[in-house]
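Given below, in the form of structure tokens, are the structures.
In the two assemblies presented below, chain A is common to both, partnered first by chain B and then by chain C.
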Partner chain A sequence: MIQVRILLVMMIIGAAIAIGSTDLICAIVALGVVGLGISLIFLLLQAPDLAILQLVVEIMSLVIMIRAFGMKDTVNIRERRFIATSISVILMGFFLVFSMAAIFEIPRFGSPLMKTSLFYLRNGFRQTGVPNMVSAIILDYRSLDMLGQVVIAFSAAIGLVLIGRKKIHASTANRAEREQK
Partner chain B sequence: MTVIVKTVTRYTDVLILMFGMYFIFNGHLTHGGGFVGGIIVALSFIHVMLAFGKEVALKRVTERIIKLCVGLGAISFLLIGIIGFTKGAFLYNFFRKPGVDYIGEPFSLFSSGIMPLMNVAICLAVASGFYAIFIALVVYKIGKRR
Partner chain C sequence: MVEYFLCMVLFCLGLYAILIKRNLIKIIIGLAIMEYAMNLFFILLGYKKGATVPIFSSLTEPHPEVMVDPVAQAMVVANVVIGLAVTFILVIIAILIYEKYGTFDIRDVNKLKG
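This part shows the complex of A and B:
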């Protein structure tokens, strides 16, 4: 799995560039490295469903973030905050020390626990008659989770439409009319 | 945008839309599904808006239709679940006959009961939802109340 490790190092470098860069568009494009790296890792671990989803969502979020942030303002904060940085580094160290106990309990990479998923792999095609096992799980066995996912997309769209009800082009048209008078 | 972008968009946009439709209607046979197909369909509409501007993009598919589609997708997913109550449970596959495991013929396009219908409902909700988010960022004024 040397490819996965190379991709992980690339993703860490991309995230560091996204934090440290002074330009907003540069930061957004460097953040794209993280998502596309995750997509390639899913493809290497033989999960093409998740790879397609991650690739498409990454492109969409890149377009939306550039449209939302990239053109408007390029404010950056350059002041150094010593106390806040040191407190966060110490808390991060505590978190890493305590999470080591959990990391040693995880089964090794490449040998997962096959208790629930073995049942789906054995009986899934016979019970549902669907060749794509991911579709069989998310739309038949776990379709209540899919209902929650649809509700999340619905409420995100409705909320953003509800927050900004005032149109831009109406006000600019009024201003143009006033200038003509 | 320039003439090159507009000409390329005019030819490739229908292909992107068809690729999304392929993902939706074959979601229960190959990789993909309603969520991925919905986002690709939304990307094809965003492509038109980025190339030609918002007046051209909102002329045929107006904001009323998009808001209607957002509600229609979520409501139809819920309705498919509620119809399952007639056979016993919420979100039950109500085309299933008792004693028979497969629904329809496996590996064919019209099979497996409610799954293609659910894929279409998810596609409607997701595609119009993400397109509405993009329109809200472009058209509406957020913050700065006078």
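This part shows the complex of A and C:
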């Protein structure tokens, strides 16, 4: 599909800008280009649920990262490390070569192996009564996985509160001290 | 094939940021790019040429043979939410490091160096 290729090239350019840019706001917004491009690709590859989810998640993470990092210094850490850079580039070349060898072994783009999925697609509506097969799988067949995901999201929220609470307490204590003075 | 290769190139860009960059924010951005590339690879694997959304619009005449893979999409739904949680935790830890050391440069974060 030519649209997917064009969007992928756009996302690669956005990722290169996000990695190479010296301005932090520019880097975070370029990361947003990658996330929104992936949302469009999900829509083109017939996954509308994922496109909506990815759009919301991308905007949330963009807002959080700009709020967290936008006020800080635009730290510009220039480094010249030819040996480390060249070794990393050679390793990534090896990774690309071996991944191409693996890609030629898996089924071609556009003709997937669908043994389990065909079972779900043929019997899913009769067994669950849900027309949307993705919802039927994540909420009925694989609902234990969904429970694990909810536990992970909940523990992440608890961790955010536990780690970030100290900071809030410190700032309020400072304000109380200033008011006393 | 070209789609798979471009997806791998995107993964390699994230790997480059994690290996080379010394700014904590750039490392978090590289991790996010790798996660996007992995999600995209799952969806590319599940695409069938000329197929439709895995939602039954006509319940009297279902065509399950012309639908894309719903299992890959169900896996990626879990991956996206977990990636968001990981990004939030990393951002909070980076903010704490900035408050303690005053910089995002990982060469200056050396209080634990033995």
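Everything that follows uses one rule, which is that the second predicted complex is superposed on the first by the 166 of 181 C-alpha atoms of A that agree within 3 Å, B and C clash if a C-alpha of one lies under 4 Å from a C-alpha of the other, contacts with A are read in each partner's own complex, and residues count from 1 in each chain.
Assume a contact is a pair of C-beta atoms (placed from the backbone, for glycine too) under 8 Å apart; a residue touches a chain by one contact, two chains touch by 3 or more.
What you see is a predicted model, and the numbers here were worked out from it, not measured in a lab.
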| item | value |
| --- | --- |
| First, second, both or neither for A:151, with chain B first and chain C second | first |
| Which of chain B and chain C A:143 touches, first, second, both or neither | first |
| Touched partner set for A:59, first chain B, second chain C, both or neither | first |
| Contacts of A:16 with chain B and chain C, given as first, second, both or neither | second |
| Larger contact residue set on chain A - chain B or chain C | C |
| Which of chain B and chain C A:163 touches, first, second, both or neither | both |
| Which superposed partner A:99 touches (first chain B, second chain C, both, neither) | second |
| Common interface residues of chain A - those touching chain B in one complex and chain C in the other | 48-49, 53, 57, 60, 64, 68, 125, 131-132, 134, 136, 138, 146, 149, 153, 156-157, 160, 163-164, 167 |
| Contacting residues of chain A [partner chain C, same complex] | 1, 4-5, 8-9, 11-12, 15-16, 18-19, 24, 27-28, 31, 34-35, 38, 41-42, 45-50, 53-54, 57, 60-61, 64-65, 68-69, 72-73, 75, 77, 79, 81, 84-85, 88-89, 91-92, 95-96, 99-100, 103-104, 106-112, 114, 116-118, 120-122, 125, 131-134, 136-138, 142, 145-146, 149, 152-153, 156-157, 159-160, 163-164, 167 |
| Chain A to chain B touching residues, read off their complex | 48-49, 52-53, 56-57, 59-60, 63-64, 67-68, 125-132, 134-136, 138-140, 143-144, 146-147, 149-151, 153-154, 156-158, 160-161, 163-169, 171 |
| Residues of chain B touching chain A in the complex | 23, 27-33, 35-36, 39-40, 42-43, 46, 50, 54, 67, 70-71, 73-74, 77-78, 81, 90-91, 93, 101-104, 106-107, 111-112, 115, 118-119, 121-122, 125-126, 128-130, 132-134, 136-142, 145 |
| For the chain C and chain A complex, residues of the former touching the latter | 1-10, 12-17, 19-23, 25-26, 28-30, 32-33, 36, 39-40, 43-49, 51-57, 59, 62, 64-65, 67-71, 73-74, 76-78, 80-89, 91-96, 98-99, 103-105 |
